[in-house]
Every structure is written in C-alpha cells, then in structure tokens.
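Order of writing sets the chain letters: A, B, C and D. Residues in each chain are counted from 1.
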Amino acid sequence: MQGTNFDFEKPIAELEAMIASLKSVEGRSKAAAEGIDIDTAVEPLELELHRVMEKVYGNLSAWEKTQMARHKDRPYSLDYIRLIFDDFFELHGDRLAANDEAIVGGLAKLNGQPVVVIGQQKGRDLKERQRRNFGSARAEGFRKALRIARLAEKFRVPLFTFVDTAGAAADLRAEEHGVSEAIARNLMEFSLLRIPVIVTVIGEGGSGGALGVAVGDRVLMLEHSVYSVISPEGCAAILWRDKAMANEAADALKLTAQYAHQLNLVDEILPEPLGGAHRNVTDMALTLKEALVRHLNELSGSGETTLVDGRYSRLRSMGVFQEKVSR
Amino acid sequence: MQGTNFDFEKPIAELEAMIASLKSVEGRSKAAAEGIDIDTAVEPLELELHRVMEKVYGNLSAWEKTQMARHKDRPYSLDYIRLIFDDFFELHGDRLAANDEAIVGGLAKLNGQPVVVIGQQKGRDLKERQRRNFGSARAEGFRKALRIARLAEKFRVPLFTFVDTAGAAADLRAEEHGVSEAIARNLMEFSLLRIPVIVTVIGEGGSGGALGVAVGDRVLMLEHSVYSVISPEGCAAILWRDKAMANEAADALKLTAQYAHQLNLVDEILPEPLGGAHRNVTDMALTLKEALVRHLNELSGSGETTLVDGRYSRLRSMGVFQEKVSR
Amino acid sequence: MAVSGWFGRKRKDGSPAEGVPDGIAVKCSSCSQILFVRDFERNQKVCTKCGHHHRLNAHERLEITVDEDSFEEIDAVLQSADPLLFPEYREKLHKAKNTSTSSEAVITGTATVEGFPVVIGIADFTFMGGSMGSVVGEKIARAIEVGIEKRFPVIMFTASGGARMQEGLLSLMQMAKTSAAVGRLGTNGIPFIVVLTDPTTGGTYASYSCLGDVILAEPGAIIGFAGRRVGNQEVGVKLPDNFQTSEFQLEHGMIDRIVPRKDLPLALKTLLEFFALSAVKESVIAGN
Amino acid sequence: MAVSGWFGRKRKDGSPAEGVPDGIAVKCSSCSQILFVRDFERNQKVCTKCGHHHRLNAHERLEITVDEDSFEEIDAVLQSADPLLFPEYREKLHKAKNTSTSSEAVITGTATVEGFPVVIGIADFTFMGGSMGSVVGEKIARAIEVGIEKRFPVIMFTASGGARMQEGLLSLMQMAKTSAAVGRLGTNGIPFIVVLTDPTTGGTYASYSCLGDVILAEPGAIIGFAGRRVGNQEVGVKLPDNFQTSEFQLEHGMIDRIVPRKDLPLALKTLLEFFALSAVKESVIAGN
C-alpha cells in the first residue's frame, strides 16, 4: 500500500487492502478451512485492481499529477543516479562560499562512457530534507551546478541533469548571495555549453529554480512529473486569493508533462510503472536509462557548434504568439 | 611640512620649519625692518634643504621605504586614476555576494583610448578606511577584480592595475568565502587574459593580496614603493619573535623596488618627486602616465597569443636556483 | 503604486504613467508631498521634495532616453495569444491594451542615444505588470539579434513583476530564451547594458536583467527574486530595511551603480562612448 | 606536530615522518593513545584509536600512492640558492637536507597510480615546513609542463606552511608561476587533481592548491589562508571549532571530498579512470 495516500488513490487502497487481507496468513487459513484456493479466488480482484489503477493513473488531473510528483516516496535524483550510472564520484562545493546540498553532482559512467551528472535532491527524511533545504537551491547550489557543468565541458563529456525542486530558495541568504544572478547565469552558460546536455524532469519542475539546471539539448519528463512557471498554490493565491484552489490553478496552468509535450517544450514523456515511479524504482530507472542512452546517441554525432546552435534554436522556438500586420 | 613624520625626515622637517618661519608674514616684516631681502636670504637654506632631501630620499633603507610606501598622505589608486584617465566610470560588485570596496575598478579612457582600470584602495580618513577594510580585499574583492578584468578581455581593451595593500584580509569572512581560492584563481586567470595587462605597485605590495591583481605583461614600481612576500613585522616576529625588529627584517627581505628590479621581477622603477609621491601628486601622475602609455604602446603590436605566451614566459623565468648534476 | 491624481480618481494601477494625470496636482506616494503636475512631469516624475523615483511607462522612458525622432520600433506587430486558454487572460490582455500606452509589456527598437546607435528595449509596467510572456521574450530575443546583426550595443530598461503566469510553462521558457540570446550577444562581443527600474522581480530579474555587462539601477527601485512577502515568511530572520532594493543589490555586488534618473543620459553616454571606442579598436585589430 | 617517539626524544619538527621512529611505540598527538609503531606504520600513520591522520613525509606518501617501482623522479637536481643572502637560510637548508628524506620541499616525477600514468608531485613538510621557494615553484611548474607534454593527468599532494620567506619576493612569485602553469594545463585539457594534506596554508594554499579540477583532502587537515592565530586576532568574532580544517573548507565549497587515507587509492583510481576515458573520447573526436 506504499504511496496510496491521496484521495484519488482511495479505491486502489481499498482493493489493495482487501487483497492483502485475503492473502494474509489469517486469510489463507480461513480460506483453507473453507476449501478455497486463495490465489485463484483473488485473481479477479487483482485484475480489478489493475484495471482501476490503469484508469486512475491514466487520467490524473493536473493537481493529482502535482501530488504524484511531490510524493514522499518518489525516487529522487540520487536514486536514479545510483541505479543508472556506475562509479558515481560525487563532487561538492561551488568553489566560492558553500556546498549547497540541494544540488548534487559529480563524475560517473554511463555504460562505460564518462559523463557528468547534476541533480536536484530533496532529501528523504526530515533531517536530510533540512540539510538539503527541501531541494530548494540557493545561489550556491546553482553555482555548484555550473562549476560541475564546466568540468563536463572542459573534459568534453556529456552532461545529464535531473530536475526536482519546488523552486529556488527565496530566503534572505539566497537574495544576499544573488540567487537571481545565479539562475540567470546558468540559463546563459548552459545555453553555451559545448557538450551534449540532457535534462530530465523527474518530479517537480518548479519555476526558475528548476530551469536553473534545465537548459539542454533534450528535455525529458517522467509521466507523472510536472513543470510549471508557478506553484498551483501560488497561482491560486494570486488568481483567487485562496491557496486551497490549487486544484483549479493546476488545471489552468496545464503543468503536466503531457501538456508540456504538446507545446513542444519537452521532447519525450517517459512512462512510469503503473501507480508511479515509486512503485517500481528499478523499472523506472531502466526506462530512464534507455531513454538517456538513446538521446545521447542521437546527439553524439553532432559537432560542438551544431549542438550549441541547436540548443539556441530550440529555445528560440519556444513561445506562442500572433504576428499581426495591423496593430 | 606635509608628510615629514618619520624619524629619518627630521632634518628635513627642521629646515622646512626654519624656511617657513622666515618666509612667514612675521618673518618678512622682521626682515624688512632690518633691510634684508628675505627671498635672497632664504636661498642658501633652500639649497641646503634640497641637498638634504636628495641625500635622505636617495638613501632610504628598506624599512624607511616601507614607511614611505605606507605614508598616510601617499596617493592612492583613485588619486592616480583621476589624474591619469578620463571619463572613469566606476563599476561595483563581484556579481556573487558583495561589493568589496578594498578594490575599485571601472571603465576609462587613456589619451582617448578605452581601457579598464583596477586598483587597491586603502581609504583616506578613518571612515573610508573602515569602509575599504584598509585596502585589504576579501575574496569578494578579488572576484570583483576578476569580473572587471574579464570585461576588459571581452571588449579587447587593455587593463591597468594598481597595487597598494598590506595584504589580503584574513578574517573569518575572508576564509569562509575562500580568499585563497579567489587569489589563486586570479593568478591563473590573469595569466590567461588575452589583452595587455600593465601593473603598477604604487605603495605597498603586500604578499598574496598584492599578487592577486598583479599578474601582468609589465610590472612597474614607484621609486619608494615596496613589494614583499611578508610584512617586515610578520617576518621579524617569525625570525626573532620580535615585531620591533621590522627594520632588520625589511633589510633581510630586500623588499624595495630597486631590489625587485635587480631580480628582474619588475620592469621599471618610476622616479618619485623629491620627498615622495605625496609631495607632488600631479608630477607623479604625469610620470606614471607617460610610463603606462609607453609600455602600452610597446605591447599594442602583439597578438593575443604572443601576449599570453609572453606573460607565461615572464612568470616562468622568475626564480633563482641551482641545477646541480650531483645530488 | 506611485502617484494618484490629486483631483482625479485614484487610478487602478496606481501609476501616473499612462499619460498626464487628470488633475493639476499629484501626491507623492513616498513623502505625501502635494506636487504640481507640471513640476512633477518636468522633473521626470522624480519627487521634487523627497527624490522618490516614480514609475515611467515605456513611452515616457523612451522620450527621456533616446535622441529625438531616432526611435524606430521593431516587432510592434507581435501580439499575445492565449495558448492555455487561461482564466481571464483574454480579458486582461484586452484591458491592458486599452489602458496601457504600449501594445505589450515591452517595446523594442533601434535608436540613437546621445548620438550612439543602439538597440533599445523598454519594459512597460503598465501592461500587465510588465510580465514576461511569449511576446515579451520574443521581442527581447529579436531585439538582441538585431544588436548582433547590426553590431549595436543593446540597452534594456527593465520593469516587471516576473513571468506571465497566464502563459504557463511558455512564459518560464522566456527566461531561458532571453538569457540564451544575451549569451549569443556576448560571444559576438556586443555590449549589453541593463537599467533596472522599479520594480524588477521574479523571472525577469532572474534572467536577462542580471546578465548585463554593466548593470545600472534607479535609486530605491524594488529589485529581487521573490517578493518581499515571501522573504518575510522566514521565522526569526530580520530582513534588512533595504531588502530587495537597488541599494541592497549594490551592497551585494549585483549592480554596478545606482544612477538617479537625471544622470542616466550622462551615464549612458559615457558607456556608449567607451563601447564605441572599443568596437572601433576591435575592427582595427580585425583588419590587421 | 604529530607524534613523538615513545622511548626516544621528542623530535624537533615533532613529526615521525623522517623514517621509522626510534622507539617501539608512539603516542598519538591527538588522543594520546600509546600505539605500537608497527601497527601505526601498518595503518599508514593513521591513529588506530581516534583516526587522526598523522603527517607523512614525501617518500612515505609516495610509497602508499604510486604503483611499485613506477616512480621516476624528475628535476631532483634542482637546489635552492640563497639569492637574498637571507639570515640563517643556508644553515636551515643545510639542516633540512640532513634531516629530511627529501632534497627539497617537493618531489616530482612520473609514475603510474592504479595502473594509470600520471605526473605526480608530493610536498614534503619535513623540508623547511614544505615552504615554496624558487625550487619548489620551478619543480611544480616543470612537472605540470611534463603533464602537458605527455598528456598525463597531474596529481599534487600538498603540505606546506606557505611561501618561503627566505627567498623574499622570489618566493611570492612562485604562487603566480605555479598557478599560471595550472592555467596552461587547463587550456590543454589535462586534468589536475589536488590532494590537500595537513597542513596546507598561506601562499601554497592560495595558489595551485586551490586550482584542482578535483580537490580532495585528508580528514582533519589544517587548511587555510592565514594561520589560525591571525584569524583569532579579530575582536568579538567567535571562530567555528573546525576553522581552517578540511571540514571547514568542504562546508565552504572549496573542496570536493574528504577522503580518509586508506580510501585514497580507490578515489584516485575512479578519477583517473574517468579522465582516461574522457581523454580517449577526446582523441576519437579529434580524429574525426
């Protein structure tokens, strides 16, 4: 019953509970007493569970997706890094002032090939969350990311970034150390990196804080991840002065992977295991790895100039507007 | 009598006082009463003063030079910048965390040509000194200098730096923000700048803090400036556990411009007005300007690679050692 | 929320920017001084008593910045769509077009400033709070590309609450688009001058606005990442009085100079002359 | 000031580094535990009780770092002069040559580490506190140039109190010389790995030591700009307990990882393998 903690998951939770109860030692002994083969008896229930899950998870609303993306058991950057890459050698520090643990990064191998990885990391338990500022990087985190990205460029290896943040930190220290400058610089410098850059939004793509490590040649999103200019709560507060209307705001913002793909802002949506990435991290990592390798192979033939020009064209194409001759 | 505040300047101060007294309103009226032409009468005294000054200032010890270099009336970077350059447009900030006022810098024109200038600035009165941390830059100051230097490189204009610091700050904040890293990075990055870089030690060239803005194609020193790996006081404390032996330490360190020139570590010594730069700032600025223009003209013909290679060779040649075949 | 017409109604956006106030006097929002409109306008909407810099709309800014008759607007035809069918967006756009002097939250074009040819972009806070949607991002990117093509320095006057929420992720991407354009400008060696004006926050500040070779700011402007309210939510942290102002940003190394409005022409002249000279020099080098 | 021989006299430089201590036991300077010399040596001079990393001299370091018989020293013939005729310098050099296992404060050469060819430099604190004079600067610069020439990664183990005062301004210039050499290494795309060991301070820290592509440090090492005493002089500022240690520098973003001595081989192997693979890739690209 891991992860079935949202309203929309109630029917699933009930079915799962029923199946679990039937299959329990107690349930089995009861059934045995009545001469019933429990595994056969449970089969239709399991089929029903599967059907319900497909229905629920295939039709999540934008707000439900947001909840999935923020799920406490959702795999984080380091989970994927460990499952996908070999010999991860974590690097620390921005070489300026601090080691912001909301960002992790380092050297690694992907199928034997040297690569550099950077991820936003929320933290699993309370202590780790505090240490990582709940995944909200300050200026130092974005500068750490840039330093590590430049190492990748220096040694001509591809860069993979993993996006998962509610947004950049907006506290006093963040402002003092120029979090705006740090994000802005990353947007510019990442656009100029002379190496392949592949971005994956694995959970929450929260505003400028997400974008600060999300300029690349390819942007992928996991099926139930979200990417938004503002949090649904923030949007609701502005639109209706009511944070509780986050549901409606999420709809309005169209912050799902599916919609981002429709707008050509992301290149591919990676299907999650039924019920979400956290229900089968290994499978999710396999899907992700396959996609990363595939996109990297597509990019590997390109020269540096082609890459940088392509990345620019990609960004330049983003936007929907009308060009009317009359004014 | 400005600036005659050191022991070695006593005979000068006495003569100056005598001449001033004779030339005062009171002195003149007394002389007139006795039918003496005061200007004629004073002439031999003035000649004597000149002779004494030449003798004293032409034979300053290393420690006396140190005192001259630290003289409270000595012109600072901004004084020279204002006298030598036109349309100085000061820039601020390291774009990272702070605006360290121990370093000043900006855009300017030299004889109508666009240039960038960077200087270490001690501050004239107590309030300014505190604001500028007595000219001791923290990490932020060195990073500000690098940012401004990179602007010069970006727009292909020559860079002039003016060195005048007792040393880099060594307080908690300096360590926290990586003053070592900031100095080290400047040493490296300045060595790679693809523009002419001309450095002048105008006062105190204090250790790594001075060097942090002093890697260039030419290094000039004013006649009574000093340049040292450690302060005489610090050296005395280590050698003889007695800071009061700074005099002896200064001798041992051979920290004068003249000695640095002899070791080929600086290219030219610029003569100061008799009695020191502070006695005639305008003349000093003229001398300095002439030298800066001359050295810039010498460098202007060089291509970028020649410049960078030349700067590297220059640094590589610094050092005195023996290469013995036997060990 | 700068000034309200003295004899007129209080304007909805609080700014006197959309033309001449309909009274003969205005009240300074900072010091409450009653000012004759004529004096106020003559003083470029800087309070003659307290020096508070009231907001200018894009056309007022243009008028006091570029040489007379030199401005040629580009991309005026770009109009916002409503790709997300976002609640009330069309209405807001419609209203903005009727009340703002600009047709979008930024106007861009070529001009001469103190005799020097430039590409200039001026944000207009009176158009939906200067927010950056697809049109704003596109106009800025195109303007920068004109700068690259003509080798003119690019000057941006900013004034914006941030990204335009109503365009969702599309508006977020304008941060990346404009910043990447600045990157191209830089690799082409063309100068980028930013003048931050009140207010510049959020995604607008955290993108092209922070990337000037030289960054100037008007005194007392609100400049920051998140709103002050957000920052205030932290427990037990006392925010400095000047938090998220020009002065705070100067102190923290983010901007080069605070320049009073009346001194901006000289500042821009000095910078443009410097860059013009360095560009000449470069072409001489290139000719070698 | 690490360990004193248990049955022997306390050594002048306080370090057990110059060969086998003359007793059968030593006392850990950190936890005061009495340790058998054999265990202590076997544990690479890391206290078996408290884990304190005692200093190693250059040859001890070499032994536990490079593959057997792979080290070929370069520039061993470089000897310090006394260009300033500095008080007592000759005597100090003479004494250092007699007591240190190294002929100067750094040894440099080529070697293989975990099978990968490298240029390696190892500072020796037993030679005049590892101070950087003309010879040290020259040896480091030459070693880096060998790295450029052979396209071998360069690894530097640091241990130094700073510049060698006795060579005056010449020693200061070694900061610039070594840093410029690292710059050349970088523009040639060759990796530079730094391992900071106890102590690394002053001009040594503020030059090449801070410029590694990857910077590792041993636990508990003193690492900083000025001495702790200098920092202490500030009035009213409480210094953190870990001020100027590896841990402080990690916290402040200056180093990548703290690696216990026993784990250094694996860390270096991982890094060297990564760089070897990326170099292969690069040459493939270059061959296109």
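As a working rule, contacts are C-beta pairs under 8 Å (C-beta built on N, C-alpha and C of every residue); 3 or more make two chains touch, one makes a residue touch a chain.
Here the structure is a predicted model, which means the values were calculated and not measured.
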At minimum, the number of touching-chain hops separating chain B from chain D is 1
So the chain most remote from chain A by C-alpha centre is B
Averaging C-alpha coordinates per chain, one finds the centres of chain A and chain B separated by a number of Å equal to 55
Averaging C-alpha coordinates per chain, one finds the centres of chain A and chain D separated by a number of Å equal to 42
Here the gap between chain C and chain D, centre to centre from mean Cα coordinates and rounded to Å, is 52
Cα centre of chain A to Cα centre of chain C, whole Å, reads 34
Where chain C touches two or more other chains at once, the residues are 186, 210, 252-254
The positions of chain B in contact with two or more other chains are 95-97, 176-178, 181
Among line, ring, star, complete and other, the chain touch graph is other
The chain pairs that touch are A-B, A-C, A-D, B-C, B-D
Given the complex, residues on chain D that touch chain B span 76-81, 83-84, 86-88, 103, 133-135, 137-138, 141, 163, 165, 167-177, 179-184, 186-187, 202-203, 205-211, 224-226, 230-231, 234, 237, 239, 243-244, 248, 252-254
Within their complex, chain B touches chain A through residues 95-97, 139, 143, 176-178, 181
Note: in the complex, chain A contacts chain C through residues 168, 170-172, 174-181, 183-185, 187-189, 191-192, 207-208, 211, 214-215, 227-230, 235, 238-239, 252-255, 259-260, 263, 265, 311-312, 315-316, 318-327
Chain A partner, complex, touching residues on chain D are 186, 189, 191, 210, 213-214, 250-257, 267, 270-271, 273-275, 277-279, 281-282, 285
The residues of chain A that touch chain D in their complex are 87, 89-100, 107, 109, 112-114, 140, 144, 151, 154-157
